[in-house]
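Structure below; questions to follow.
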Amino acid sequence: MDEKTIIAKRVALELKDGDLVNLGIGLPTMVPQFLPSKIEVYFQSENGIVGLAAMPAEGYENKALTDAGGGYVGAIPGAASIDSALSFGLIRGGHLDLSVLGGLEVDELGLLANWMIPGKMVPGMGGAMDIVSGAKRVIVAMTHTAKGGKPKIIPACTLPLTSARRVSLIVTELAVIEPTDEGLVLREVAPGVTVEQVVAATSAKLIIPANVLTMPINVDAQAAA
Amino acid sequence: MNKSVSCAQAVEMIPDGASLMVGGFMGVGSPHRIINELVAQKKKDLTVICNDAGRPNYGIAHLISARLVKKLIATHIGLNQESQRQMIAGEMEIELIPQGTMAERIRAGGFGLGGVLTSTGIGTIVAEGKQVIEVDGKQFLLEKPLTADFALIGADRSDYRGNLEYSLTARNFNPLMAMAGRVVIAEPKTIVPMGVIPPDSVVTPFVCVNYIVEGAF
Amino acid sequence: MDEKTIIAKRVALELKDGDLVNLGIGLPTMVPQFLPSKIEVYFQSENGIVGLAAMPAEGYENKALTDAGGGYVGAIPGAASIDSALSFGLIRGGHLDLSVLGGLEVDELGLLANWMIPGKMVPGMGGAMDIVSGAKRVIVAMTHTAKGGKPKIIPACTLPLTSARRVSLIVTELAVIEPTDEGLVLREVAPGVTVEQVVAATSAKLIIPANVLTMPINVDAQAAA
Amino acid sequence: MNKSVSCAQAVEMIPDGASLMVGGFMGVGSPHRIINELVAQKKKDLTVICNDAGRPNYGIAHLISARLVKKLIATHIGLNQESQRQMIAGEMEIELIPQGTMAERIRAGGFGLGGVLTSTGIGTIVAEGKQVIEVDGKQFLLEKPLTADFALIGADRSDYRGNLEYSLTARNFNPLMAMAGRVVIAEPKTIVPMGVIPPDSVVTPFVCVNYIVEGAF
């Protein structure tokens, strides 16, 4: 099983029946395919729809129904169109239960940097700053290290912060880490991964409780091979 | 009071150096005919307020490629490489602001409010140089209202008086900008007689709209 | 012609083609019947409609189509329903061209008091404070004096102010008075009324220009008798 | 996720002493069945946030006549003599605020903003005790956000998930309050299956609504 699939599978377990969820671009959009069928979760796209559905079949695309990246999406029966102010009113006003988004760095205070690399990549923050500041829960879903094994979970962010607000959870292909008042607590390791491996791939200080669980996900042996 | 004008007439009203709010999100819901006409009439030194820089060959990317934009105020320019290139080369000034903040700043401009108090941006580089206001022990950034000389609105249907409807995610910033432009020009896909759009379906009331661009998309 | 009719007729001349107008309860609602037929004026009611029309014929009333006093009204084809925030956004944001409302007192600074008499009548300000602070033009339409001939145009308001913003024009059954940086300027007198009569009924200082016009309205001799 | 409850069940959730936002303008657009049920269940010491005090025997006038309201926050109480009497007799506390300010304060509460900056009230008794913020040389009152334990919403149609439509001037404060209540109970005239209300016609998106009161009006 590849890294992204592990992450998406584990994040999917955080979604609760009736939740309103916003998914960042990239990896987070893989989460819905791993949802248990018995729960009903609603997706918001910040460009203005509540009740987003998967991309429609070919020939059923509509130019006026897209996600925040401009890609075609669908809508559930009973979806609602909203303008940008209402969209962020839902986010800032505490109506958005969960946001899942990618990260460049997370630090020991649980602060996230994910919107620019000065002098190199300046796409803009889009809705990320409002989402991290406003959503009830924020999950950072990212690979544990950057290319070349460089840690992304570090003592203090070196890149410009997305928000001064602590994120709720970090989910990587190696671990589940919860930022708390005391620091970053290692909650789970991925199947087959040791606590030592996680610590080695992390430059931030990790608090290791007596019982670190294994992610309750089914890792398909064939894909993992 | 007939508000209909041709697309060319509408754009002739816009002088070089004007500030423009342009509706749309990655080009979805943008007034594409007006954008093309701005390029055709070679308007210069524009200040453009738009969610993003569009996508290559779509939306306001046309204005940027044609080098008509002096300054862009946007939330995200990642899908248009040319805008990043112009920014890094110093050919276009770009001010990046959070999307929810942009929505409220435009709304505040159109609704006559003195500003926006948001926790978004507190403790980040977005807060630099801005006033922090404490309300009941919580800190908020004071973000100022945004207005523009012209608001260019992409709509689904308009009636002859200018009541506007939007379709799905093509709504986005359009209804907010329709309140905040000193002159508001709407580009609907269809124009219908008064009464065809029920009062409860109107998103932008007709009193906000100064001109309606004729002709189907 | 009675006092109210003179006031309404004169105010009607201030409405321009294409204006968006908000009318206060009482006297101001008489204005539309005196509009020249060739101009198109739109009425907003702050409870949430743009494109208000006169009360419908009996049997055509709708419980969900009322003015700010809860009375039945109609709507023009192409009217728009708006919520209370958008309604006051139009008012505050400079989209409302003109408001006509009643007054208890107006003073030499052109400030209006019209929403409470402490200890006696406290209906509340409703939308009046927002309207006087936000409309492009504000016309106070009121009888020149209170019952018993007590002046209502006075040196300084004694009642709580509605706004710190100066009103644009005062129209009474005796005169048209314009508040300016220099003070209250007497612009017009009603047909058959002298400048001296206006001054006598006013306790505020009035600036009297060389040419005080007569209101350009047709006062019907029979009704005036 | 079925959000339907009977009117009695809905009101049973509301404890004595609760703060309630009640939609409607002079009773137009108010949730009349819920109001009657509050009276039937004799809820006490309520704090009510509503545009007005209703009209005699209409709207929240029923709550006031039944002496259930400890404090009323409103913009206008002139059409309900009983509310003026209770205020003067010191039997009910009344806080009067400007209507446009009330609309924005409720919106700020529901939209997670720190407050409202408005010129309304500057230089009047409304400004007493409030912070004045200067933005680019202009003065604005800082008005704080309003929220409530419950928002009681009168709607025209709802679908089973809670998407709401409103009719004409019955819309008023309802969509704003539907964002600002910690628990939102909607009383529609009709409940329809999902998909019957087109996405572009939804005024209050379903995610704001916790309970829908069953049964026709």
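For clarity, chains are labelled A, B, C and D in written order, and residue numbers in each chain start from 1.
Going forward, a residue touches a chain if its C-beta (ideal position, glycine included) is under 8 Å from a C-beta of that chain, and two chains touch if they have at least 3 such contacts.
Just so you know, these numbers come straight off a predicted model, no measurement behind them.
*Asks:* Go through the assembly and pull out the chains touching chain B as well as chain C.
*Replies:* A chain counts here if it touches both chain B and chain C, which gives D.
*Asks:* Compare the CA centroid of chain A with every other chain's and tell me the farthest one.
*Replies:* C
*Asks:* Centre to centre, by mean C-alpha position, how many angstrom separate chain C and chain D?
*Replies:* Chain centres of chain C and chain D, defined by C-alpha means, are spaced 30 Å apart.
*Asks:* For chain B and chain D, let me know how many angstrom lie between their CA-based centres, rounded off.
*Replies:* Going by mean C-alpha positions, chain B sits 32 Å from chain D.
*Asks:* If you average the CA atoms of chain A and of chain D, how far apart do the two points sit, in angstrom?
*Replies:* Distance between chain centres, rounded to whole Å: 35 Å.
*Asks:* At least two other chains touched by the same residue of chain A: list those residues.
*Replies:* 49, 75, 81-82, 85, 88, 91-92, 134
*Asks:* Can you pull out the residues of chain D that are in contact with at least two other chains?
*Replies:* Within chain D, the residues that touch at least two other chains are 104, 107, 111-113, 118-119, 166-168, 171, 199-200.
*Asks:* Pairs of chains that touch, anyone?
*Replies:* A-B, A-D, B-C, B-D, C-D
*Asks:* So in the complex, the part of chain A that touches chain D is made up of which residues?
*Replies:* 17-18, 20, 40, 42, 44, 49-51, 75-82, 85-86, 88-95, 134
*Asks:* Across the complex, what residues on chain B touch chain A?
*Replies:* It comes out as residues 25-29, 51-52, 55, 58, 74-79, 84, 87, 96-104, 107, 118-126, 156, 166-176, 203.
*Asks:* Name, in rising order, each residue of chain B that touches chain C in their complex.
*Replies:* My answer: residues 1, 107, 109-113, 159-161, 163, 179-180, 193-195, 197, 199-200, 202, 205-208.
*Asks:* Spell out the residues on chain B that touch chain D in their complex, using ranges where they run on.
*Replies:* Contact set of chain B toward chain D: 104, 108, 111-119, 133, 135-136, 138, 140, 142, 144, 165-168, 171, 199-201.
*Asks:* Under the definition above, what is the set of chain C residues touching chain D in their complex?
*Replies:* Of all residues in chain C, those touching chain D are 45-49, 62-66, 68-70, 75, 81-85, 87-88, 91-92, 122-130, 133-134, 160-165.
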